[in-house]
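The same subunit A turns up in both complexes below, where it pairs with subunit B and then with subunit C.
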Partner chain A sequence: MASQGSSVSTPPVRATDPGAPQGAPARRGGGSLRALRKSQLAFLLWIFAPVIALFVIIRVIPIFVILLFSFTNYSITRAFWRWTGLVNFERLIGDNNFLVALWNSTVYVLVAVPAEVLLGLFFAVLLSRRVRFESFYETLYFLPYIIPMVPAAIIWKWIYAPGSFGLANHYLELLGFGRVGWLTNPKIALLAVIGMHVWKNLGFFVIVFLVGLKNVPNDVKEAASIDGASQWAQVLRVELPLLKPIILFGAVMATIWAWSAFTEVYIMTQGTDVSTGTEIAVLVFRIYQEGFRFYNMGYASAISFVLFVISLLFVLVQFWLFRGWKEEGS
Partner chain B sequence: MRHVPRSLPMILLAAFAFLVAAMGIPAGTMAATEVTIWTAFPDMHDSVVKMAEKYMKENPNIKITATLFPQRAQEEKVAVALPAGQAADLIELDKFELYPYYLNGFLEPLPPDIEAWVKKNWPEYAVKNSTANDGKLFNFPWYNGVKMMFYNKDYFKEAGITKLPTTVDEMIAASKKLTKYDARGNVTRAGLDYRVMGGGAGTSQKYWTQAMIPYGAKVIEPVGGKWRAGYNNEGGRNALKMYIDALYKDKVVAFDHKHDAEAFGLGISAMFQREAWVVGYLEKEAPKLNYGVFPMPKGPGGWGTVGNTMGLAVSKSSKVKKEAFAFAKWMMEAPQSVFQYDYTGWQPFPTAYDYSSLYKKKPALKEFIEYSNKAGHTVYDYENMPAISEVHNRMAERIMAAFKRADLKDNPQGIAKVVSETAEETNRVLADHGMLGK
Partner chain C sequence: MRQPRYTVLLHVVLMVTSLAMVFPLVWVFLTSFKTSQDIIRATPTLLPETWTLENYASLTQTAPFARFFLNSLIISGVSTLFIIVTCSSAGFVFAKYRFRGKNFFMLLVISTILIPLQTYMIPLYLLTRWLGWINTYQGQIFPLIIMSSGIFFLRQNILTIPDELLDAARIDGASEFGVYRQIILPLTVSPLAAISIVNWVYTWSMFIWPLVVANSEDMFTMELGLMYFQRQFITLYGGIMAACVVTLLPVLVVFLMFRTRIIDGIAYTGMKT
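After this line comes the complex of A and B, so read on.
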C-alpha cells in the first residue's frame, strides 16, 4: 500500500502464489520463463513446437536451400546437377534482363513506398477529423485491399487496355485527350503498374494509420490546442511523432510488398494487348521466368538470394532511420 | 493453475498428425480405374470432356478425369509435378516442351503397336518431328498448329484487292491499302495485324512464320550435330526490317489497339496469321464475319509456315499406362478427330481422314488440311532440343524490345546490331546446354 503523502507509488501487494516458496516476492503479470515450473514450460514447448517447426520448415530452411541451389546448375528438367561455385552470381552482373529487373524493382520501391505511406497518412488524418459517413469512407478505402490481386489486376488490365477499348482511354478521349499506351508505352508502363499496386494497398495503410491516430491520447491533443497550436501544427508536431512506430511498421510492410510485387506484373504481361514484359519486369518476375519458364533453378535461386539481401538491407536501413525516437509526452 | 495431464500434449500431437495423414488418403480408392489428363487449352479441354463421356460409356470400368490448366500455367505445373512423379497420366503440351522431360526419363515412349499405328496414319513430317534421338515416338502428335493468313473479304473488296497475296511484297502492298486511321493518325484498322507483343514464345513463333521463313532465316540451324543461331544474316535483318517498317514507316499496325483473333473478330484488323482454332472462335464470337484464309506468302528466301505439334504424352510414373495409351489412341481415331476438328478448329494430324463433312459449313478448315501437305510448301516445327523453349523465349524478349524502337526505322546498322546481339544470346543459351556447334 502506498504511504500517504509519498510521491512515489509502490506496486500493490498481491497474495503470494500458492506454488511459490513461503515469503517469496509476488510475481508480476507476464513474469519470466524462469519463474514457470518445468512442467508448465514443457507444456508451452509442446504446444508451440508444431507451429515453430512449420515456420522453420516453410520459412527458414528454404532460405538456406535457395542459397545452396544458387551455387549449382540445378534445373527442374535435369535429373542431375553439379556445383558451379559463383558462376550464377557472375552471370548476374552481365545479364541485362536481371539489371533491368533490378532497376524496375528499385523504382517500384522508391515510388510505391512513399506513395502508400504519405497518401495513407493524408487520408487517415482527414478521416480522424470526425467526418460524416466515416465508416463508409473507411470501407471504400479498404475494399481494394481485400480484393484478391488476380481479379484486381485483370480489372486494371481492362482499364489499361489499348485503343478505345480500355476504360481509361475511353474517358480520356471523351474529355478530348489523346489515347495513352498505359501498358505499351515503355516510359509509363511501369508507373501504370505501380499505380495499380498503390491503389490496391492504400486502404491497408489508411486503416492502420487511422487506428494509430485515434489512439493518440486526447489530453495530449487538448494540451496542444490550449497552447494555441493550429490543426496542421497539431498533426505535424503532436500526432505524427507519436505515430512513428506505426509509420515504421507501414513503411516496412510497404517495402516488403513492393520488393515482392509479382502477380500484377505477371497478369499484365499475359495476352496480346499488354506490356511486352521487359519494361515492367521486376525481380520476382525474373525469378519466375528463370525458374519456371527456362527451368534454370540454380540461376533463379541466385536472383532470389540477391533479392533477399537487398530487401533485408532496405528494411534494416528503415529501422536505422527510425531509431532513437522517443515517444513524446510519455 | 489447473494441473494439465502430461499425456495431453502427446494426444494433441497425435490427433494433429492423424488429421494430416487422413487428408492424404485418396478419395474413391474403390472406384473404376482412373485415368487423369491435364489439358492446356479451354476449347480442347471441352472436347476432351465430351470425348471422355463417350469413352466412359463404352468402357464403364474406366474413369477419365480431365483438368484444365491454361497453357503457361500448364507448363509451370508440369515443370514441378512431373519430375516429382505427381503429374497426370496424360499431359498435353507443345512437343518441344515435352522433349526435355523425355530425355530425363519422365515420359513413357509409345508402345510398339501404337507407334506403328501412328506411323501408318500420320504424315511423315509429323512422325519425324515427334521422334526422339533414340528413334522412339515420345508423345502422340495430337494436333497441329499450322499458321495461315486470315483475311476480311469485305475489306479486301472495299480496297479493290481482287487477287490474294502470294508473295510477301504483295502482302505488304495490300496491308497499306487496307489500313485505316482516325483524325489523330491513330491506327483504327490494322492492315496486317503483326504480332508485336505478348506471350513470349508465341511472339517469336509468329515472327518466325511471318518474317523469318520468307526471308530465309532460321531460328537455329544444325552445325556438326549441334546447333547455332541461324538468323544473324541478311534474312534475319530483313525479317526485323519488315516489322519495323510495318510499325513506323508504313504504319499498318500499332501498339495501342487490340490485336489477334479478338481484333479480327471485331473488324479492327484486315489480316492476321493464326491457327485453325480461329475458325471455331469466329463461329462463336463473330458468326457474320465474311472471312477467308490463304497460305503464308512466299518470300525470296522460301515458302512455308510453322506447324507446331501439340503433343499428348504419358507420364513415366503413371500407374495406368496401358489405359492411358488406349484412351489417347481412341481420341485420335477418325470419328473423334473429325469431332475435334469441328468442335475446336484445332487441326488433327492425320490428313487421310475424311473431314469433308466439315468443309461445307467451315470451308477454311479445308485450306489448313490442304496446305499441310502441299508440294513446295514446308511446314516447320520446333527442333527436338532441350534448349529450344529458352531460345525462343529469349529471342522473343529481344525482338519485342526492338519493335518498340522507332530509331530502327531506316537504320540498317541498328537493325544489324539488334540481330547480332540477339543471335549472340541464342548461342549463349545453346552453349549453356552444351548444344552450340562451332
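After this line comes the complex of A and C, so read on.
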C-alpha cells in the first residue's frame, strides 16, 4: 500500500487550528459517540448503520439461525416444527450418505490443498526469476481461475467423456495407454473432479505467491547471493521462509474452497438426467439435496453446521495470520 | 539462472505448462466453430475443417439465451453498484471514525470474509422466501450487496489518506457526506475499481444461489441457463460449446481489459466475498 501522504499533498490548513472547535475527532482517543460531530453522527446513522444492518442480516444472523435450526425438524413443507434436540446430529453419525460426503470432502481437501499450494509455489518461484514475458505466462496461468465455473466444468466433463470421444482418452490412446473411465470409474471420478478443481484455482495461488516473492526485499536476496548461495538454496532457505505467512494464507483459502466445492462436482457428476457418471456427493451437495430437494431444512442445517465449524477453524487460523491488522491502523 | 541453457529450459517448462492450462479454453473456442459432423469425428482435430457460425446462430432458437445474458448483466451490475457504495462508506467509517463498538464490527466483518455462502444459504433462502423474493431479481441480488473483503480492502486504503485532508474540508464547512463524496470517493477510485471488477466477475460466475432461488426460465442467469441447456440438449455438442463461449467471453474480455487491476484486486481480496 502507498505510504502516507505520498500521493496527496498535505493541505495548508491544519486541524490543530484553534478556530476549529471539533476539528479532528477522528484522531482523539477514548471515543464515545459524543466525541463525534453532529454531521458525523448523521453519516453513521444514515449510511453506516444501514450498511452494517444489511451486513448483519445477510452475513451474521444466518449463521446463528443455522445453529438454531440444526436442533429442529424445520421444513417449509410442514406447517409445524419442534425442537428435536440432538436428533439431527445423532442421525448424522449413522447417515451413510453424510459420512460418504464427509469422506469425499476430506479427500478433496487432502488432495487439492497440497497440490494447489505446491504447484502454485513451483510456478511462482519460476516466474520470480525475472523471466522475460513474465506477464504473458502469468496471464495464461490465471485465465482458468477467472472464468466462470459452470462453463469450465462443462468443458472438463467433455474432456473426461467416456470412450475415445473425450479428449483425455484420445490423447491417452495416442500415447499408447488404455482408456480410462474418468467420471465413470468410482475410484477415479473423485480424483478427476479434484484435478479439474486444481486446474481452475491454480492461477490464484501462482499470483498470490508471486506477489509475495516480489515483496522479498532485494537486499535480502543480494546478501544471500553474495554469500554464495546457489539459486535453489536461496529459494529454499531465504525466500520461502519469508513467504511463510502468505503460504499459510494461500493454504487457508485453498482449504475453504475445497470444503465448499459444489458447482464442479454437481455439473460433472450429477448434472445430467441421463447420468454418464458416478454420483459423487460432497458436503455442500448434501446440504443442497437435503435442504432444497427433500426440504429437510433442519437436517440440512445440521450438515451446514458441521461445514461451518470446519470453516470456523480455518477462520481462526486466518485471524492468527491477520493478528497485526490493528497496529497498522490509526 | 544467467546461463542460457537454464533460461531455455525455464522457458520450455513455463511455455508447455501455461499452454496446457489454457488448452481446454482454446479447444472449446475452436470446437464452437465446428460443424456437428466435424465434432463427433473419431479422431478429433484441433482446427475446424469448415468454420461455421451455425452453433451460435441457433443458440437463441433453442433456449432464451438473450434473456439469460440480460439477467446476468442486471444481477451482476446492480450488485456491483451496491458494492461500491457499501464498501466505500463502511470502509470510510472503519478507517477514520472513533467510537465504541467500531472494532467489534470490524472484527465481525473480517471474520465473515472466509465463511462461504454455501454454509448459510438455507437461512438466506428462508429469508428470501419470507420477503416473497423467490424467483425475482431482488432475491438473486440482495445477498450480493455486501462484500466483507471489499470493506476491509477499502478500509486499508482509506487509512492511507491523511486526516489533515479530511479536517481541512471539515473546517471549510463540508459535511461528512461532502467529505465522503469530495475526498474519499475520488481518492479511492482505483481500489474501488479493483473490487468492482472482482465483484462483477464473482457475481457473473455465481451458480449455487441462482440455482436455489431462480426457478423459472425468465429468471435464469447465464450460468443456470447453460447448466439446464447442457442437461436437456445433451447431444447438441456444438450448441453447448457455443453457449460456454458466450458465458465466459464477457469475463474474458473484462479480464484482458483490466488485467493488472483484477490481479491486484484478487491478490488482496481473495475474490470470493
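Note that the second predicted complex is superposed on the first by the 253 of 330 C-alpha atoms of A that agree within 3 Å, B and C clash if a C-alpha of one lies under 4 Å from a C-alpha of the other, contacts with A are read in each partner's own complex, and residues count from 1 in each chain.
As a convention for this text, contacts are C-beta pairs under 8 Å (C-beta built on N, C-alpha and C of every residue); 3 or more make two chains touch, one makes a residue touch a chain.
What you are looking at is a predicted structure, and each value in this text was computed from that prediction instead of being measured.
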Partner chain in contact with A:P245 - subunit B first, subunit C second, else both or neither: neither
Subunit B versus subunit C as contact partner of A:P114, first or second or both or neither: neither
Partner chain in contact with A:R179 - subunit B first, subunit C second, else both or neither: first
Partner chain(s) touched by A:F292 [first = subunit B, second = subunit C, both, neither]: both
Partner chain(s) touched by A:P217 [first = subunit B, second = subunit C, both, neither]: neither
Touched partner set for A:I76, first subunit B, second subunit C, both or neither: both
Partner chain(s) touched by A:N97 [first = subunit B, second = subunit C, both, neither]: first
Contacts of A:F43 with subunit B and subunit C, given as first, second, both or neither: both
When both partners are placed on the shared chain, which of subunit B and subunit C touches more of subunit A: C
Subunit A positions touched by subunit B in one structure and by subunit C in the second: 39-40, 42-43, 47, 76, 165, 271-274, 292
Of all residues in subunit C, those that touch subunit A in their complex: 1, 7, 10-11, 13-15, 17-19, 21-22, 24-25, 27-28, 40, 42-44, 85-86, 89-90, 93, 95-100, 103, 105, 108-116, 118-127, 129, 142-143, 145-146, 148, 151, 156-157, 159-168, 170-172, 175-177, 180, 187, 201, 204-205, 207-208, 211-212, 222-224, 226-227, 230-231, 234, 237, 240, 243-245, 247-248, 251-252, 255-256, 259, 262-263, 266-267, 270-272
Residue ranges of subunit A touching subunit C (in the complex, touch as defined): 1-5, 8, 10-15, 17, 19-20, 23-33, 35-37, 39-40, 42-44, 47-48, 51-52, 54-63, 65-66, 69, 76, 123, 126-127, 129-133, 135, 137-152, 154-156, 158-159, 164-165, 167, 170, 199, 202-204, 207-208, 211, 231, 252-253, 256-257, 259-260, 262-263, 267, 271-274, 284, 287-288, 291-292, 297, 300-301, 304, 307-308, 311-312, 314-315, 318-319, 322, 325-326, 328-330
Contact set on subunit A toward subunit B in their complex: 39-40, 42-43, 46-47, 49-50, 76-79, 97, 161-163, 165, 169, 178-179, 181, 184-186, 269-279, 289, 292-296
Subunit B residues touching subunit A - in the complex, by the definition given at the top: 1, 4, 6, 8-10, 12-13, 16, 72, 75-76, 79-80, 83, 100-101, 103-105, 184, 186, 195, 197-200, 202, 255-260, 268, 386, 389-390, 393, 397, 400-401, 403-404
